[in-house]
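Which chain is which? They are A, B, C and D, in the order written, and residues in each are numbered from 1.
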Amino acid sequence: MNKGAMAPDQEQDTPLKSDSMFINLGPQHPSTHGVLRVGLTIDGEMITKAVPDVGYLHRGTSKLAEVRGYHHCVVLTDRWDYVSAMPNNLVFCLAAERLMGLNVPPRGDVLRVLMCELNRIASHLLFFGTYGIDIGAFTPFLYAFREREMILDLFEMVSGARLTYNYIRLGGVMVDVTDEWVAKCREFIEYFKPRLDEYDTLLTYNPIFMARTEKVGLIPPQTAVNWGLSGPNLRGSGVNYDVRKADPYCGYEQYDFEIPLGKTGSCWDRYFCRVSEMRQSVRIVLQALDKLAPGPVMAPGVAKVPKPQPGEAYAHVEGARGDLGIFLVSDGQASPYRMHVKAPSFMNLAILQELLVGNKVSDVIAILGSTDIVLGEVDR
Amino acid sequence: MTQDELYSKLAAELPHLEKAQTQVKDYLTMRLPSADRLLETVRALKERLGFDYLEMVSATDWLGPVKPEGYIRNPNPIVFMAEGATPQSIPTATPNFPYRPMIELVWMLANIPEKIRLVLKLEVPREDAAVPSLCGLFKAADWQEREIYDLMGVAFTGHPNLTKILTPEFLQGHPLRKDYVHVKDRFDE
Amino acid sequence: MIEYFSKVFRGAWATVAGMMVTLKYMVKPSVTVHYPTEKLVPFERFRGALLFDPGTCISCNLCVKACPSTCITLENATIPDPKNPAIKKKVAKVDWYTIDFGKCNFCRLCEESCPTKPKSVWHSLDYEVVFFSRDEMVRCWKAGTKFVGQYWDRKEKAFKDPEGQIQIQDVQARR
Amino acid sequence: MSEPAKEKEAVPAATPANVVPAGAAAAPAAAAGTVAPKPAPKAAAKPLPTPVFNERHGKLILNSRYWPTELWKSPWSLPSYRKGALVLFGLIAGILLTGAAVGELSRWADKLYALIAAFVAARHWPAVTTDAVWDLIKILIVLHVVLINGLWAIWWERKISAHIQSRVGPTYAGGWHGWAQTLLDGVKLLLKEDITPTAADKWVHALAPAIVVAPVIIAFAPVTFGKQLAAANLDMGVLYIFAFAGISVIGVIMAGWASGNKYSLLGGLRASAQLVSYELPRGFSIVPVLMFAGSLNLSTIADAQAGYWHGLPRWFIFYPVIGPLAFVIFLIASVAETNRTPFDIPEAESELVSGFHTEYSGMKWSIFFLAEYGYVLLASFLLATFFLGGGASPFAFDHVIPSWIWMLGKAMLMMFTFLWIRWTFPRLRADQLMDFNWKFLLPWSFANIAFAGLFLLFR
């Protein structure tokens, strides 16, 4: 791992001296997926030091939440991980519901699961597309967006928005889905299944793609756990940790699905975990559609201005990027006393400073892309 | 492992941990009496009890509700709005709530194979708040501690690179402290 | 030897298979919509730009409270008290009402909170909302104003109709 | 296209697009009309009302969502799809008919030459004038082939890439399938500000595009465009082309170095390594062709592939093992030489932003593209000449369609292959690129020479 870090010492012994070069990767760079800056010290094409610099998108949602009611905070959560906003809504609602002692009706829970899984597919599709671009294949990106667009249509049908849904509310969900929506959703799933096989043909098992990603950016399991990674980044290293199984919420224990695990923790393993998760999400979506029994979607008696008892609650969900947690403190007032977001992207990005060293400039992009960060969530 | 089993185990192995008054809902919450034994405790938890996954580092400032003065940076330039739009709801102090000039640090540790989590709490005074860094034990603490330092102003002694991470260089103060007042900077005009 | 050739063959096969996928989609119809000349109509629940009806509003302030970003402001209409004309009495009508689209989150909370029937403030299906200046972001309504509202041009000191919002649907449909 | 008209008729009241519920003060009655309580229907239950777009912007209104599930069910029912297929068919038929009507271009060229010679003789000018004028005409024609190719190839690449990606590409400029898009882009690039960065070495920065583009134009001299149709019938044509095509790399390195940008520098360095390496397999892969043809002259090579084996043309690509292998190696090396996608590390969009031409703008920038597409065309013609029989018809019975049409068709097929490869594959890493070259392509091209020798020995 630290092969590159030793390079400067070796240089001093050789008569041929070479200077290292400092490169700013970002904040304006096509592959940093937002406003991330990585200061790279390179020797030829070899990275000797990497310093990720974040904070360009910091909007202070934790502070904003302290002067907003609980219903309003759900709107704020949409803006963290804007690629998959449903789990963000969900995690805040779970934490607030724990504080208030609300119980969500079963149909509401099923809808939450349904939306989160659809959003996971949408998010992983975006990853699939942009990772293809990072590696140099442009076409998978548009194929992925073609499919993602359909999911966004589904979200638009049900919640009215395509990116910032504000759909999952305290005590349930905003509105019920219609039969037409369920039919459309099934239509999409039927359409989407064969597309996944095509993605495998096009990118996953492409020899060039495999060569670029297979032995690059290896994260051993102990390192991954020590760095606090989560989501597909952790599971790519073979650590079986998924909040949906480890700490089930919304009745995930009733669904039959598997946790795809990687073997070596390479970029390809992380990528493949996500592609496999899409298949698992398809399974969950189909089960959730079958589970949809008529009933209310919103718990009765959700106050317009909720004032929970003083207390502390922690809730976490398996978002598209990993273990998304919220630590919520109430002092009995109408707004949270303290809201702390444990953002998976923030943790997944931190490992870059160790992971990038010793790799080539091309691999920086491959590794950065494979961690699948969203800067909105990193900076909050 | 259930929470009760974990509690009895903790009582046997680390007797100086006490059950916290405010439990984080659904998770076992233990309180450390002082910062001195933090490293020792966490090392024991990591090595002997298998809590090798640091899930969250957080902190709460218990000074009291936010002061709205200085909360909004700019007066609203829009003609129809009241000058300097107010926050959505101005929090007031809850009567009989134990507000105190302390910062409470919260660590959440997880044992992945056992599927159990443990919350550690530690109170430090607001002035010159400092606790030992967990960076030596968990790399995951690196950025999370920087975040807490940046936003809450808790110095983590022994951290290799304790610098601001989220807020810009010129921003003065620690925004998540309840008495934070914005100081005008070059972007305010 | 066999391993080498099988590896080469597998690589070549995967390559050709990938090319076949792209070829397959080349002969399929395109899925795009040619935006300026073709436009999609959003679904019924779409949360577009907010519209407001000054006629039905009862000035209850619920939307002001519901807004997470405090972008709504309103003023009660008043009438002079018949007994004492010096005192103004508040009535359940709105004097003026503004929404700052620069802050609006399009979150539907105001529409959900509106107690009147039909709704006084509601999301249209208009996604083509363009602002040419910051003044245009603040829409203002008074009695008799159109649903789309007007904005106050600070330079010319006059109310003007917004140019940027293109209505794509009967404005009553969502209420 | 009659849809919008229908929609408008369907709207009962001729409401103006910006629905005015109430005139401000003028129409209190209208205001009362809006105030009057209406039955509030449930939004979800009611079908969507007829949309009324603003006249300025909306021409066509789609009332349903465009989901691939609906579109791909029966593509032939879509008018646009039928129209596109018809256009494609008409285009091909038109070109074939034109070819049949015009006949061999070399015949017309001979006539033109005779005309010039007669004109010169009539004026009593020295006889050498004829050749001088003739050469000038040939130079101008070849120059324009390269320049117009840039326009055509970029448009084609856009269309092909768009259709591969379920899009349609340019549609507006010029009216018909966006044919004028590149032309207008060229005008735009001409009018754009020409920026030279402060850190750049001005002279080298300005010179680099010229050094990149000049060799490709020069290299077109011996390329055959059909039977007896080449600007210069050189006996060492193959060597000549390879020699000149190798010069461009100097321009690329100059561009990378002179830009004063770290990304450009990396791009230039990568380019030098890549282009120099891939020259080797590219050159060696066609040695079997030269062995069979026994000449370095492109016309001779093309003529050597005339004739049929039981209906199968005697093209070099159909030679067992040797032909396809040489073809694949030459194709891969050509893609690498033109810096296109599986091998586009010098200008890797996602890593080096644009590599060596990051700091170029306006016409200088477009000259790099001219050179790139010039090389694509060159490689296409070479592939057609070396492996696809040049201007030979694939059918023994065909005596109508002239050789230049076949040549052009084959070259365009090869160009399509280039685009197809580009829009399918991800990019290799620099070291993998080198590995692939030195450990796979080069050994196999050597082996292929040995195979060819054995074949010739035991034939």
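Points worth noting:
Methods note: a contact is a pair of C-beta atoms (placed from the backbone, for glycine too) under 8 Å apart; a residue touches a chain by one contact, two chains touch by 3 or more.
The structure presented is a predicted model; accordingly, all values stated were derived computationally and were not measured.
The greater number of contacting C-beta pairs, out of the two interfaces A-D and A-B, is seen for A-B. Distance from per-chain Cα centroids to the pooled protein Cα centroid is smallest for A.
Work out the mean CA point of chain B and of chain D, and you get 59 Å between them. Each chain gets a centre from the mean of its Cα atoms; for chain A and chain D, those two points are 39 Å apart. The centroid of the Cα atoms in chain B and the matching centroid in chain C are 38 Å apart. The distance from the centre of chain A to the centre of chain B, each centre being the mean of the chain's C-alpha atoms, comes to 23 Å. Among all residues of chain C, those that touch two or more other chains are 15, 18, 21-22, 25, 31, 43, 45, 67-69.
Contact of a single residue of chain D with at least two other chains is seen at positions 44, 65, 67-68, 164-167, 423-425.
Of all residues in chain B, those that touch two or more other chains are 87-88.
Chain D meets chain A in the complex at residues 44, 65, 67-69, 161, 164-167, 262-263, 266, 341-342, 344-345, 348-353, 423-432.
Taken together, the chain D residues at the contact with chain C in this complex read 15, 17-25, 28, 31, 34-35, 37-38, 40, 43-44, 46, 48-54, 56-63, 65-68, 71-72, 75, 78, 80-81, 160, 162-168, 171, 420-421, 423-425. Across the complex, chain C meets chain D through its residues 15, 18-19, 21-23, 25-34, 36-41, 43-45, 53, 55-56, 117-119, 125, 128, 143-148, 161, 166-175. Residues of chain A touching chain D in their complex: 21, 23, 29-31, 45, 132-139, 142-143, 146, 150, 153, 175, 178, 187-188, 190-191, 202-203, 206, 208-209, 211-212, 360-365.
By the touch criterion given at the top, residues 54-55, 58, 60, 62-63, 66-69, 72, 98-99, 223, 225-228, 239-241, 246-247, 305, 310-314, 316, 323, 325, 327, 329, 331-335, 337-338, 340, 342, 346-347, 349-351, 354, 379-380 of chain A touch chain B in their complex.
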